[in-house]
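Chains here go by letter, A, B, C and D, matching the order in which they are written, and residues are numbered from 1 within each.
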Amino acid sequence: MIVILKQGTVQNEIDRLSDFFGSMGLKVHLSEGEHATIMGLIGDTSLVDPDMIANLEQVEAVRRIQEPYKKANRKFTPEDTVVDCSGVPLGGGNFQIIAGPCSVESEEQITFVAQEVKKAGAGLLRGGAFKPRTSPYAFQGLHDEGIRLLLKAKAATGLPVVTEIMDIKHLDLFADVDVIQVGARNMQNFELLKELGHTDKPILLKRGLANTIQELLMSAEYIMSGGNERVILCERGIRTFETATRNTLDLSAIPVLHEKTHLPVVVDPSHATGIARMVKPMAFAAAAAGADGLMIEVHNDPRHALCDGPQSLTPEEFAEVARGVFALRETLNA
Amino acid sequence: MIVILKQGTVQNEIDRLSDFFGSMGLKVHLSEGEHATIMGLIGDTSLVDPDMIANLEQVEAVRRIQEPYKKANRKFTPEDTVVDCSGVPLGGGNFQIIAGPCSVESEEQITFVAQEVKKAGAGLLRGGAFKPRTSPYAFQGLHDEGIRLLLKAKAATGLPVVTEIMDIKHLDLFADVDVIQVGARNMQNFELLKELGHTDKPILLKRGLANTIQELLMSAEYIMSGGNERVILCERGIRTFETATRNTLDLSAIPVLHEKTHLPVVVDPSHATGIARMVKPMAFAAAAAGADGLMIEVHNDPRHALCDGPQSLTPEEFAEVARGVFALRETLNA
Amino acid sequence: MIVILKQGTVQNEIDRLSDFFGSMGLKVHLSEGEHATIMGLIGDTSLVDPDMIANLEQVEAVRRIQEPYKKANRKFTPEDTVVDCSGVPLGGGNFQIIAGPCSVESEEQITFVAQEVKKAGAGLLRGGAFKPRTSPYAFQGLHDEGIRLLLKAKAATGLPVVTEIMDIKHLDLFADVDVIQVGARNMQNFELLKELGHTDKPILLKRGLANTIQELLMSAEYIMSGGNERVILCERGIRTFETATRNTLDLSAIPVLHEKTHLPVVVDPSHATGIARMVKPMAFAAAAAGADGLMIEVHNDPRHALCDGPQSLTPEEFAEVARGVFALRETLNA
Amino acid sequence: MIVILKQGTVQNEIDRLSDFFGSMGLKVHLSEGEHATIMGLIGDTSLVDPDMIANLEQVEAVRRIQEPYKKANRKFTPEDTVVDCSGVPLGGGNFQIIAGPCSVESEEQITFVAQEVKKAGAGLLRGGAFKPRTSPYAFQGLHDEGIRLLLKAKAATGLPVVTEIMDIKHLDLFADVDVIQVGARNMQNFELLKELGHTDKPILLKRGLANTIQELLMSAEYIMSGGNERVILCERGIRTFETATRNTLDLSAIPVLHEKTHLPVVVDPSHATGIARMVKPMAFAAAAAGADGLMIEVHNDPRHALCDGPQSLTPEEFAEVARGVFALRETLNA
């Protein structure tokens, strides 16, 4: 951490600051110049609150060098984390496609889709029971009934299931769910993250629409600091000025995250683009960029889906995407 | 609502669609052309889910004309809403400054600040007990103790208090709080919004960093559709590429909101800019643009605040800002 | 084009408007409802200025349905355009890598790099002679001497060359250049675009940092409407709030552009990310998403490059990227 | 400037780097720690290219402390610059409103508007002769004829005139123009900026839609480093995800710019919002935030303006805005 002091800070104030930082277990190296005096703080600064230091009377500015996250940081955990999703490994070379409908609608629907995506090579089944919707008047999901149907599809196919939680008070309903998803709008719902840190289930954490990669890692750190280190990160598009796609899929986040963290990274091209015919090229691109997995919406009848139909693939379209992704990965790993 | 059909849609499909829309209580007017056939849906479309229509087999695109919110819509409630905050009116010409520290730290601190801001003309006291922080390692607020101290400051000064809720499970602690704040990161925590719709307290709803003005109104609609129509909207900066200020304060949101909704609009220049010396010019600007109120951070000792010190004013600085704002409003209303 | 009239527009005003649109060669279909009266304008509206219509006294809003570009529009030119770059075809299944240093520095440097990238499979050589730099104090390129050296490297290798123009007054210097590049900062330098519309050279048009896909196509239309239809589009990252990469590479632009236009699309992962070790994954991703080509910075000695060294690959690194890209394309085309 | 070295950099490499920086006239102070070695470079680094340093073999990262602009920097020129616009002073307490139509259309139009805005208190007349338009099919301005008519309006009223240049080849036509405007799309047309640095006319430089405040200052530096120090900066909205207004007016830029530079800052609420009825509140806000001037579109007949009618005020509306702005400034200066 670099602390830049105000011009005119006098020697005994500098000494007092040095003592203060020393008392935090940090070594201090001083650079004095005409236009600025600079203190380099050396040691473990990941637990230091830069706001607090910026408030000190003589401080003009603070710049972090070390990252503010520790458990998610690849520097301290160099090996890729492999998250065990009820027997299906994800990360560290274990690539998985998570597929299924935006919303669970009926037992027939979810079981049929589950069978189809399994045949095509999906490793996990997704399906929404609690749906965050911008409008209070839009379909909000089947709730506990949705989870019940999802678990029936799991029983029928053996696929572990991923579904979204919107409030910790529903946690009991997730007892047999394999992976709990935190949606983009809740990425900084810190109370929810803290509680999920006390569970023993893998958490699929989606990046918020306006959140930086570093903030995504800080939210993972919230979960991990509670004791649950099984976090899967998910890039699903950020909000920019471009309106041709629903959001802008930030695929550079894949190599950036692989550098900064040991956690697995999956990509959701369905929500990012909002357009079914963009899913195939963006799924290929995500796999080519090194994603550890994909999350893809598949619906038996996209035209009549209760939500997000325009971005859902049919089972046949999904099978074609999966085939291409597997072939592409084989080439890249050859 | 305008529905654009695909090229090549045949007559009996058009007839079936017309019947379908008719069954929803909508009148249909048809425009057929060489490159596109267009259906204008006339009637109350605020409850129609455009996603559902976009999914219909013959539909190429859907464009809303009517806004998707109803209770928050000025078209249906032309008069300004005045929110009664335990006797202090806000909105419809009643301008209020909400002032106080980012975090409640001690009884002396919050009571002292409350007395000072009251003297300077503030109508409500703010103070954080539950603090959303990006890092799990940063100070998270005094929680129930914070609310207890805030209520002591209320007792000492008579100022109604505003404080943030982060999880509905804490609602009981807010029994004597006058206005409940929903922070920017929870603007689309729909489960929280729904529950607050069943309370009888004014809700101060902050705009999310990446949320459009329309999404802010949809979140207000979530609260209002539950029965609680006492919503105060708050612009506090949006996330853009500019890094000179923490966020970009979108003051155009004030006149836009005044057109679209009858709800009061307050502005928080402290969080938007993150820089104490920018608060005065931006507070003046917000008042000049027609805000119904301001929310300003004031701390007895900003250099040693436990959070957000760099953006807090001293009581003296606040008094100067308040004087200027009141003078400016008097001129504009003359 | 859809024209929404103000509430209360009376019949003889509607008639006058209908006549006015009729006089522009457009058919008008009318939908009258309680909350809005809507006119659908049918016919060729690509030359109609929506601003002008929005100004008409009775008009509340105008929504385009047809795109405002014609020559760049795939609807009117369904077949992919193949741009002939002095014998090297680009587009319509002809994939090309354009490689070379950010700046031409010396004859040895540019010739050496040209030979290396040719060996690795590059089809065109890039090298900057005129360099747009944010600071007036930064290296601005070798200008005419840079172009002279670039042409020497062309003579030595047979690779056609691509280099950027910053002002039309330099056009004479580009007489033997094969492809003229318009940089991101000049994407809406309309005077430059108009002049390039009168040349007979292929133009590589880079998307501006804050420009939508539609604006990119409108800038292509500027060139094409002048008579020069050999335009190559280039996605090179847009400006967002994320700072982990220099810009955010918008790979969804590839499938979107392929739908909207017949012009070829290349991607520049070097400038987009600004980080050499991100070039490989993003080059793979761009190829997988269906790009018609790549533009990659290669430098003999990136550590001592006079500009943009941190994002340049060594010839060896480039050869590895090229091998992977070719293998991946073979798999996808199988 | 702070230079962070890679872990494992050995002593004699550190010594060589120190010598290298010493040869650039900089003093070096070293901080060595377990996780990082840091060099503080002290002295005048405004002419040092951080890219070049980042390229050095042992360097991990470079952080600027000093700003990269010198002539525009308030640190070196503490007093406000007052730009003399043919006798009308702007800046340093001299507030001016620049008003007039988007496009010059006819002698009657421009002279009438000039007389009206002068009566209402405008100090300068604006009017476009060269118009940058997204579409090649939209009205592009009257060019030399437009400038001729503008000068007639100047002769009739005595108001100095401001008009936009789009290509330096037109410079001769601007011989009698008082202030030359550089539009947002040309803010980084560096060749144009360099040439304007050799003229002796005030330059009104508009901020680009995706440009940071620092980039705006760097573009001013381009002009100033050529010898022309009479630069007026103009905030006119930046591009964000919000679509309720055409752009997002960044009023925080006013106090930020006043801190960083001595150059005057004007605000254009007409282009920023694109909506006439937003001009008044945003003009008030800009004045309240400390702008040195405003730039406002006024048209005799906005409904039939050839461009940007929806954002133009009538002369009566403008007079009301001007009265309010002057009253508000009087209050703030009292």
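The rule is simple: a residue touches a chain if its C-beta (ideal position, glycine included) is under 8 Å from a C-beta of that chain, and two chains touch if they have at least 3 such contacts.
Keep in mind that what you see is a predicted model, and the values were worked out from it rather than measured.
Steps from chain B to chain D, minimised over paths through touching chains, total 1.
With centres computed as the average of Cα coordinates, no chain lies farther from chain D than A. By number of C-beta pairs in contact, A-B leads when B-C and A-B are compared. Work out the mean CA point of chain B and of chain C, and you get 39 Å between them.
Here the spacing of chain A and chain B, counted between their Cα centres, is 27 Å. Residues of chain C in contact with two or more other chains: 210, 239-241, 243.
Contact residues of chain D toward chain A in the complex are 2, 4, 27, 29-36, 38, 40, 42-43, 61, 63, 65-66, 239-241, 243. Per the touch definition, chain A reaches chain C in the complex via residues 210, 212-214, 238, 240-245, 248-256, 259, 272-273, 277-278, 281-282, 284-290, 324, 327-328, 330-332, 334. Considering their complex, residues 46-47, 49, 51-52, 54-57, 68-69, 132-139, 166-169, 185-186, 188-192, 194, 208-210, 215, 218, 221-222, 225-226, 239, 302-310 of chain A touch chain B.
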